[in-house]
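Chain lettering (A, B and C) follows the sequence in which the chains are written, and residue indices restart at 1 in each chain.
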Amino acid sequence: MKIKKYLPALLLGSSALLLAGTLGAQEMATEVPFEDAYAAFMETPGAAFFTISNLWLLISAALVFIMHLGFATVESGLGQSKNTVNILFKNVFIVCMGVLTYAFWGFNAMYPGFAEGSAGVFAMGKWFDVTASVDLMTSEYANYTWYTDFIFQAMFAATAATIVSGAVAERVKLSSFMIYATLLVTFAYPLTGSWKWGLGWLDMRGFYDFAGSTLVHGFGGFAALACVLILGPRAGKYVDGKIKPILGHSMPLATTGVFLLFLGWFGFNGGSVLSADPYLVSLVFVTTTLAACAGGLGAIFTSWIFLKKPDLSMGLNGILAGLVGITAGADVIAPKFAIITGLLAGIIVVFSIIFFDKIKIDDPVGAISVHGVCGVFGTLAVGLFGECAEGVGGIGIQLLGTLSVGATAFVFSLIVFGLLKVVMGVRVSPEEEAEGLDIGEHGQEAYPDFSASR
Amino acid sequence: MKIKKYLPALLLGSSALLLAGTLGAQEMATEVPFEDAYAAFMETPGAAFFTISNLWLLISAALVFIMHLGFATVESGLGQSKNTVNILFKNVFIVCMGVLTYAFWGFNAMYPGFAEGSAGVFAMGKWFDVTASVDLMTSEYANYTWYTDFIFQAMFAATAATIVSGAVAERVKLSSFMIYATLLVTFAYPLTGSWKWGLGWLDMRGFYDFAGSTLVHGFGGFAALACVLILGPRAGKYVDGKIKPILGHSMPLATTGVFLLFLGWFGFNGGSVLSADPYLVSLVFVTTTLAACAGGLGAIFTSWIFLKKPDLSMGLNGILAGLVGITAGADVIAPKFAIITGLLAGIIVVFSIIFFDKIKIDDPVGAISVHGVCGVFGTLAVGLFGECAEGVGGIGIQLLGTLSVGATAFVFSLIVFGLLKVVMGVRVSPEEEAEGLDIGEHGQEAYPDFSASR
Amino acid sequence: MKIKKYLPALLLGSSALLLAGTLGAQEMATEVPFEDAYAAFMETPGAAFFTISNLWLLISAALVFIMHLGFATVESGLGQSKNTVNILFKNVFIVCMGVLTYAFWGFNAMYPGFAEGSAGVFAMGKWFDVTASVDLMTSEYANYTWYTDFIFQAMFAATAATIVSGAVAERVKLSSFMIYATLLVTFAYPLTGSWKWGLGWLDMRGFYDFAGSTLVHGFGGFAALACVLILGPRAGKYVDGKIKPILGHSMPLATTGVFLLFLGWFGFNGGSVLSADPYLVSLVFVTTTLAACAGGLGAIFTSWIFLKKPDLSMGLNGILAGLVGITAGADVIAPKFAIITGLLAGIIVVFSIIFFDKIKIDDPVGAISVHGVCGVFGTLAVGLFGECAEGVGGIGIQLLGTLSVGATAFVFSLIVFGLLKVVMGVRVSPEEEAEGLDIGEHGQEAYPDFSASR
């Protein structure tokens, strides 16, 4: 929705707000003008819609935050108990680091970087709380404060590294991963993100990615693929040409994670409407839910037919596949096509997981398939099923966009993770891998009362 | 609250909205008129309240969604570790299936089915996204979009089958249960639901059930009772006339589930106000919380006195009992009576659980007592403590309503589950039951690292 | 923000609302005038902002509620498996009890107690649903209903006792703790709370505590210290002058708890704005998140340097430390200083935990350090980094305030818990402690399938 009618009031009010906000940011020295301007804005007819929308984005930020717990639990649940502390630690670190580097650099690299003659190519970041923000806030889309924008996007930012975390689990060296993840979140994610959401070259060419099938999930999935290629499979996974399953240690933990990710996706997609617009937010809730459910059923029945048993892990990955699949077009794909998108994603993810296992690319949680493959599929689904404006979301630009972003994430990871391998190593010793990273990296067990050494 | 003052604006705006929405649903071919009509509506004085209310119902839908994780964890926590994957799988399946069948059939069977000369007897469902919806949306109660209405109700729909899932756990045959649950959610739940919420014959006669003590919980509880009668108790539960407790395998999981259900109930009851009306939503939060807390204390002290020990499971079931108990009258029962309602429910549930165990009806999670018995009690509590309008919520119609719905769920389940027993069997083999359904049905263990076969 | 412009309408509308609400509370006998007055209020220009704000506080209440699950899981995760049922039971009991005693006594002791000539010294409580509430609701700050105010504050109330629960875990006698916790929540918490939030003597002197670094966390931390001093350390913790770590039994449970607490803090701090004011709520989200993340990193790197290993528990406690640290000034500390506040709290908590262990004060979950020490630090941080009005939040009054409240909680606990020790004992027998409180107090195991007695 373009709330053109409120535009003058919004322009006036939010100009005052941001001018004042800017002054306020300068040590809050001149409080009186800010309070006056803000009070004036809050009396405009658009203030109620602004307030509701702002609140919805904050609630969405909280929902996206809980996705980090979802990732932490699904990844640790699908890993072995001896590597649980390590997986949880990585996820705790990524959230903390991701939000802070996004404040220091990422946010202003991803969004207003293009505003000043950067010609859509490269964005320079800086501390988020600066005057450069005025442009965005006075646009007709700004139904939220600058702080809200930052916190909502910051919660997204760490997700990419979290996706990689699952794929490299159970053998990656902690310190190397921490350095890699920090560089990925700080520099690579805002770069590719700016191409679309920062109104860069992909956006100019009609690329459509509503909430990040490509910019978040595809990005993370391709980064994960590069890292796994460098890292190699876990010891004992592929022995004498045979695939030996390494079982996750807690299915309740994994299931909890998927439900929490599903929950968080209401904020991830619903908040990406960037307002509380009733029609769009409710449509996005419906398409997101239908796709997730269709993905779950698609994966359940596909795996039942091909693996002979109804597999819980596949059902869970099917839900995630459906969610990733609908994310690019949740606001432009009609409900019936949302079901088809989710169903296809749920079927695709099963074969993708089997495929990567066959070619000995060891991904303990299926992150490459769920986020990478279904991220690409979801981006293309906009071209297949989406009702976009003229010249937007065509299959050509969708393909170009998803491959550009994926390739960038892949090459960046290949270089950075490859350099780390040369300089300090990226893999723990075989002894540590056998004993578990919890003891090796942290000197701590996840379940001391139940451990094998009991 | 009847927002009569906004009515003309709402009628105008939402007529335009829905007319346009309908056209939009027809392949979104005529976008311009929809955008115009919608923009006009969003300028009306009622648009702010509409937007807030719509957002609250969407957030409520997300909260009700998380109840499914609550059910999954409480049921698996109270079951044995060897049946955990199976319980989790059932819950994942039920959510996915329930939402989709509700889209394909249930929603339009439950709500607008009566609109067209069906005389309040039987509703025919169809794909939810149709023009039949205009009637509802232009009523004075419609403070939300059609999509929002669907997603909020869809999250409720699967709950009934989830309740049954807990009661039949640890011995039910997966495929039979999946068929039964699908039929229950698709056909039986919308049928009885339409009697009240679809403005059917119970509604016409003054039956009151605010958020579903009868329509959701009583329904599920009586369906569970029928299934358990057909299925019989778990092996080893009743031996030589003695009751042998079969212990749940993870109390943290069960406790997590109850807290999540409590959390979700803020959406379940709070969203059932069907607007963001400040007075009513806050009243419902207060009555819901007070009843839950009183139920918890009631069950804790009752079980302490009669079982000699303060029992955690009973405390947890007491909270759920209080929640189920207040659900029928959360908006018409004053806070002091909410405490009494919850307290009584908490006491009743303890004796009910003991009673069913005595008569050898084996319900691993206490679902029949929590949802069935306390669902009936809560429905009657409206007659005892509620402040309803003249001729509404009398004890007579409350009793008739809750028994009608319960009996229908019971008979439907008896027939369908009974037929499934004859045709394909509803119970796993004794060997599979002993070994656990995780291996038998799924070839997967919930905790491979900690299992007995370690 | 002082919404002065809406004041007349709000005064009129909410006077009518509360007058009617009061009458309504008297058995809801005179419904018509209430409906009319309320409908009139809902037409005023301020009604939209009132409705949004009211909804945000209710959602915040739900978020604070989920903190109780956070406490339950973090405490049980950091305890041994043999005491898990006991820890969960205590948390379930505290929520239920805390909300009810707050309704019966606490709320009216904490808030309107000072309204009637009590001279800021002592507040007398009574049933929350009374006419005394009119004063508060007609003030210019009231952007929510009386019911909303109650439920939001009630969710806070039980937190103090929950903090103590963690510190005394694994050896406290259940019945004694239940009595102590009830008295603490019912009488001590509203007393000290009223000194600031009830506009008592600390408030009159310019003490600033936005969301409770002192009033909730410091209070709980100092109460915990007193109880731990009386109770003594767990058997086997300090043997022959050496510290023997007693390991938590489930790091996934503990990590889940911290993420849930982080999530809940968005409501704890965000809701404490007491409106949906876009600028303030978004600022609070930003400062809260930045402080939490900086606290996590601060503790991770501090513990890495001093303990040689990156410790997950320390990272988790660092996040909590950052959250507690920012709570007093989340609305008056600029983002850059929020990072510094969180970072310092994260560093402080590591040394504090080590310190208390050195002087043999055994606190299984680090509650005294996280809530007590960081609560004091956060209160002082307002004096160091906060941008308060003239004469508010100076370091002197901040120190006086936090020590007054802490000392009161400490002395109250010393007396009450000390008396309980004399009268009925506060510690389980050495045999019960060795066997575990789950069997001893509840006759129940948390994990029967995995227990040592398997």
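In this section, a residue touches a chain if its C-beta (ideal position, glycine included) is under 8 Å from a C-beta of that chain, and two chains touch if they have at least 3 such contacts.
What you see is a predicted model; the values in this text were computed from it and never measured.
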Classification of the chain B:chain C interface as same or different, half of numbers criterion: different
Angle, in degrees to the nearest 5, of the Cα rotation that carries chain A onto chain B: 120
Whole-Å gap separating chain B and chain C, where each centre is the average of the chain's CA atoms: 32
Contacts with 2+ other chains: residues of chain A: 48, 52, 59, 250, 256, 447, 450
List of chain A residues in touch with chain B within their complex: 1, 3-5, 48-49, 52, 56, 59, 63, 80-82, 247-252, 255-256, 258-260, 262-263, 266, 270, 276-279, 281-283, 285-286, 289-290, 292-294, 296-297, 300, 309-313, 315-316, 319, 334-336, 339, 387, 447, 450, 452
Complex contacts: residues of chain B adjacent to chain A: 17, 21, 25, 27-28, 31, 35, 38-39, 42-43, 47-48, 50-52, 54-55, 58-59, 61-62, 65-66, 68-69, 72-73, 76-77, 84-85, 88-89, 91-93, 95-97, 99-100, 103, 127-129, 144-148, 150-151, 154, 174, 250, 253, 256, 441-450, 454
